[in-house]
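So, here's a batch of structures to check.
First chain A sits with chain B, and in the next complex the same chain sits with chain C.
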Partner chain A sequence: MPLFGKSQKGPAEVVKALKEAVNALEKGDKKVEKAQEDVSKNLVLIKNMLYGTSESEPQTDIIVAQLAQELYNSNLLLLLIQNLNRIDFEGKKDVAQVFNNILRRQIGTRSPTVEYICTKPEILFTLMSGYEHQEIALNCGTMLRECARYEALAKIMLYSDDFYNFFRYVEVSTFDIASDAFSTFKELLTRHKILCAEFLEANYDKVFNYYQRLLNSENYVTRRQSLKLLGELLLDRHNFSVMTRYISNPENLKLMMNMLKERSRNIQFEAFHVFKVFVANPNKPKPILDILLRNQEKLVDFLMKFHTDRAEDEQFNDEKAYLIRQIKELKPLPGH
Partner chain B sequence: MINYNININDYKVVSPLSQCFEGKAAVYLAQHVPSGSMIALKKFNMDAIREDSYLVDVEIILTRQLHHPNILQYFISFVQGPEVWVISPLMAYGSCKDLLSQHFNDGLPEQAIIIILRDLLEALNYVHKKGFIHRAIRASHILISPLGKACLSGFRYSCPIIVNGKWQKTIHSFPSSTKPNLNWLSPELLEQNLVGYNEKSDIYSVGMVICELANGSEPFAGMSKTLMLTEKVRGCIPQLLDCTTIPREEGDDFSGGDCDISPKIVNRRFSDDLHKIAEICLNQESYYRPTAEQLLADSIFKTIKKSMPLPDLLKPALPLSDKVAYNTDDLEELKSLNNFSSLEIYSCEWDF
Partner chain C sequence: MSENIYAVNPVEKDIEADTEERELANRIFSVESDDGLKPINAAENAEIWLNDGHGTDDLDGIDDDLETVNIGNFFHRVDSDQIIYQTKKKRLKLIGKYVMGDLLGEGAYGKVKEMLDSETLCRRAVKIFKEKKLRRIPNGEQNVQKEISLLRKLSHKNVIHLIDEFRDPEKQKLYLILEFCVGSLQGLLDSAPGKKLPAQQAHVYFGQLLDGLEYLHGARVVHKDIKPGNLLLTMEQVLKISDFGVAESIDFFAKDDTCYIGQGSPAFQPPEIANGADSFPGFKVDIWSCGVTLYNIMTGKYPFEGDNIYRLFENIGRGDFEIPDDIQDPLRDLLLGMLRKDPLERFSLQQIRQHPWLTRKPPPSEYTVRIPPLKNDELHNMTVLPYLIDHYYGPGTCYDEDGNVTYEEPEYFTERELNAAEESRKQLAEQFNGSSQANRSSNSKRGKKKRPISCMTVRTLPMCKPS
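== the complex of A and B ==
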């Protein structure tokens, strides 16, 4: 590509040119088309410096370091994200690729871009609000998931008020956006085990209050995904105290028992993996035990017939047999 | 530009077209009621899809992020009951696989193959430049529009080339649920060894598709998967079947005996250029396979200018149109198929 490839522009010039073009685009004067073209062209230049092309290798570390420094100093990353909707289709993806590469930069054990973003959390909040806009949602999603890999950035996002918007984003009617938002949501809640456990413990009531809505969602995909994630969260040993709290609430048990009977086989199956935690608990609180005892025969009967076609799934069958045995052996607490 | 909304009443199913994703998804001919235009409606039956439901996410999210005239566009996707619905333009000639099985059992005419190949390479060139490997290039994933434009689909098996913030020289991940695509996959991908593979793996599959389009079925079809792999690793290069590649001795009778090849195949002749292009794509060593961009510069594509348009070359196949017969039987059958998985209802009532 002689049009772009042969450029001898250094990092400082490219960043300056890109910033001017984005500013022009933002102002929206009559030269918008020209500005958009300049933005796309310079984005490709920066992308090629970072990733190389089929004809050229990526630039040396020194050049990349200069480029990163220019990007920090010019505040261009935020500016690009704020104007993402004005950039053309391919340019939006280039922004994400440039961002993701710069984010991964390392000097020894330090991640300078992560440190930079910690001082400019607005970048994260702007990205999160990207899910509000169809045309940039998926681009913001790829950048957010890269950010979520870093504990410091995940922490900022989890502990922000904006985090609770995810409960809305994962349920939007456009499937691709909801599904993308869910993978970011899941990444934030599972990636850094200790951080996540602390967050869930500290915000148990608020989070599970919101989470309840996902489990009751009208949207099949949301319901299934959130139920599956709930099972994963409860079974993660880091979340022991969250799990203990969850399985002490009889309302949660009732919900799972009802979901075991849902029409959808996948939902039944995911509900099984949450239900089993209630039964396996060696210290069942009285209200939980009472419900299980009241339904002892029905549950045994039900589980015997539950997903019998999964003969090849050994783990599932072992677990099911274990649950049946446990429920059969249930006895009321002494003195009642 | 028509605006497609998330409103099920906007879409009226006319007739079923085909099934895909091993029967877990179905494509329907449908009408977009507000505009009156005909579209394709793909329904993924999510309740029938267990562990590999993320493939649906991959396909839809990636397809939504690709814009190219030779890539099937997804206008919109949304959840409807236990199904995910995807609205896309109607590919009125169906897939190349449909064309082969319905009208061209012995393969397509050479000129048609060249036009489809060019469109496929245009799409792949874009996909590779954007940093993805398709990993499921096959005739059933190449669809033909009413005007005779070939469009690539089937992105659920694809993978990104950019991993960990870097453009990877080689990829090692093996695509999941890829059983139906194995015959088309390159030897280096199938071997799953430390050497890995790159986007040239797709070029091998292009070679397989050329053979598939020319011969009527893909090489190694009907063969055991182990034997197929052994043959590929040993360096067996599949060929286009014609009078230059089928050995013929005086007095041989091809119409009888074990060798069940129609005289049409034995007597035809593909151009040397087409043979050559298939051969370089199928080179055992990925290094020697050209890129999609290099292939597009091949002189064989210069013949397209003088060629008849694809729809004429595809006769007697006709494009689907809104005049297509409303086939209620098929529709009922598919409906019952879709509902089957949710028939199991537990009648017991819990005592809370």
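== the complex of A and C ==
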């Protein structure tokens, strides 16, 4: 113990002190200010144990292991997240930093915090509902994306009912929150290819039902971003069977044809990349073929004039020429 | 060197000269390095540049121009002790909005040089293809076109990014502007003790290789030529998968990833290709090559070797290999899984990702292998800068350590001094990570070209070493 200055508290004491302070904050009695101060102070202590400061190195592995163990046993992580909106501005950021650091901790091949959160999925659900609260949404976002890097945690989130709240979050009127929610949403749907493909296959109807709403959103950014992500999902080979299912539904084709005619050129362009898959499909189901045949001439005309100023984009022009040729050569199925 | 030199345009030169030699000028007669070759009155202004950068480009035009030139202007009898060399002037050269820098490397199709985007001030690399050379390579032009159209589609942190491309119809050259990388994994290995990397460093690179490969396979691209030489590294230690010359794009609606042609580097080919199978699952080819790559960077050896390609393919075809004893589980198990003879049993990317060797944090290593220096420059400073200084402040301008502009008289050397400098430089290079040039010398074999020029022996003055 150092002779001068503050005596150093061990992990157990800091965690205990922090928990008491957060509890006091939650109760919201007279001593709120004092509790607020204690929370901030103890959070800084924990953060410094993990990251070190300009003067001191991070604590040894043993101390960090003790700290992690105390955090699990005391359930403090959940408590902190539940009360995140009551903690001051700097404190919120410290919570996110502490959480992310503890999450990344490894022992051999194990990630103990990931295992812990798997047994306490409320942590994830509380974080996801953080998007409902403006003042903590972005802090929750950084923690959620850190969680999404782990397949086990991503799986819990994807397969939960709360996942469908994202379709609402990505459309909220506060732009920074909507964007943050969208990047988490995208991370969940693209990070772990096999997991995502299985999820989309198993929940195809529900997911694409919700997804349709995004594509029809009033919000330009939502429409454009979700259309772009749809293209990425369908064009990724991991999602082959999802793609084949998507392109056999005539409703989807109609939607894309309408989007080709959107006012925004960017949306037109993104829609083109989904539309081309419908046309290129060598085994078009009859309803799809019927729509294309009915609009054969109009489509050829339309594509001839479509984004003609992209002369330098060879790939786009090749694809466009290919589509025009394909549509021109379309013939009704024999027997009609 | 005792007899007189018939100094001739340095039309053939060893590639080594490109990469490590200081610019030398043979003060006999003069050629404007940047403006092509002009007949020059030797008496008036006598210098010739043996360039590392621009020289060979421009001199390629020589055999066409030669007939129209008065040959007499080119031949002078000079005693070797009269030859004085001068450091080369760095003449600014702009291609579009890009400022040309020094040579970074050389391949079968052409050169790679550093460039600076004069609008964004981003460092870039340019791959220069000579159409004349391409035509001589079977499928050369198609392969390049295929590579360009593939690269255009791809966009991922661990896949080399094609930024710009254009052609110069007059010079018959094709320029691909790419992200700037400081070296390849192969270059790193060549300079590393035991030609292998410490576990921690290998772990970082291999993880990135998997990320890039997962993206490629998702985009239906089979690379077919994964090997340390095709894995580039940026200044920030980000790995970039490059060289899509033999890559294949799987049809969008294909049910599986069946491929029919294998044309990567022999030592990295899987048994199904070595045994000449008619068709094989494409993605598993890349898994195998990744396995050989991992084996290589962790042991410094190759799982399969052979005196010639037949022996090599025989060995690969049998599929039996040994892993050095010091490689323990889980790495051993991972290598065995990636190098399974039957492609169907071979690990999938998913299996590799979830393998304990990847999920576990590797033990900290005592050292990290650094990217070997380019021309003694460990910091890999931008090589475009001297050209800019020359252009804006005039020849002979230098920067001292404090960034102040100083002027220096052009330096002159005699051959003896050069030899001594060369020797000491070599020793220095060896001290730094061992032999750093091995990678380049392997390239140089391909890069050598024959320039038939009648009746004269073409002298090579690459390192200015005594012959």
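Keep this in mind: the second predicted complex is superposed on the first by the 328 of 336 C-alpha atoms of A that agree within 3 Å, B and C clash if a C-alpha of one lies under 4 Å from a C-alpha of the other, contacts with A are read in each partner's own complex, and residues count from 1 in each chain.
In this text, contacts are C-beta pairs under 8 Å (C-beta built on N, C-alpha and C of every residue); 3 or more make two chains touch, one makes a residue touch a chain.
All figures in this text were calculated on a predicted structure; none of them were measured in a lab.
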Larger contact residue set on chain A - chain B or chain C: B
Partner chain in contact with A:101 - chain B first, chain C second, else both or neither: first
Partner chain(s) touched by A:295 [first = chain B, second = chain C, both, neither]: first
First, second, both or neither for A:334, with chain B first and chain C second: neither
Touching partner for A:194 - first (chain B), second (chain C), both, neither: second
Which superposed partner A:282 touches (first chain B, second chain C, both, neither): second
Touching partner for A:236 - first (chain B), second (chain C), both, neither: second
Partner chain B, residues of chain A touching it in the complex: 51-52, 54, 58, 89-90, 93, 97, 100-101, 103-104, 138, 146, 173-176, 178-180, 183, 219-222, 224, 254, 257-258, 260-261, 263-266, 269, 291, 294-295, 298, 301-302, 305
In the complex, chain C residues that touch chain A: 149, 152-153, 214, 217-220, 250, 252-253, 330, 350, 356, 359-361
In the complex with chain C, residue positions of chain A that touch it: 106, 108-109, 111, 193-194, 235-238, 277, 280-283, 314-315
Contact footprint of chain A on chain B as seen in their complex: 6, 46-47, 50, 53, 57, 60-61, 64-65, 67, 74, 76-79, 81-84, 86, 130-131, 162, 164-167, 291, 341-342, 344-346, 348, 350-352
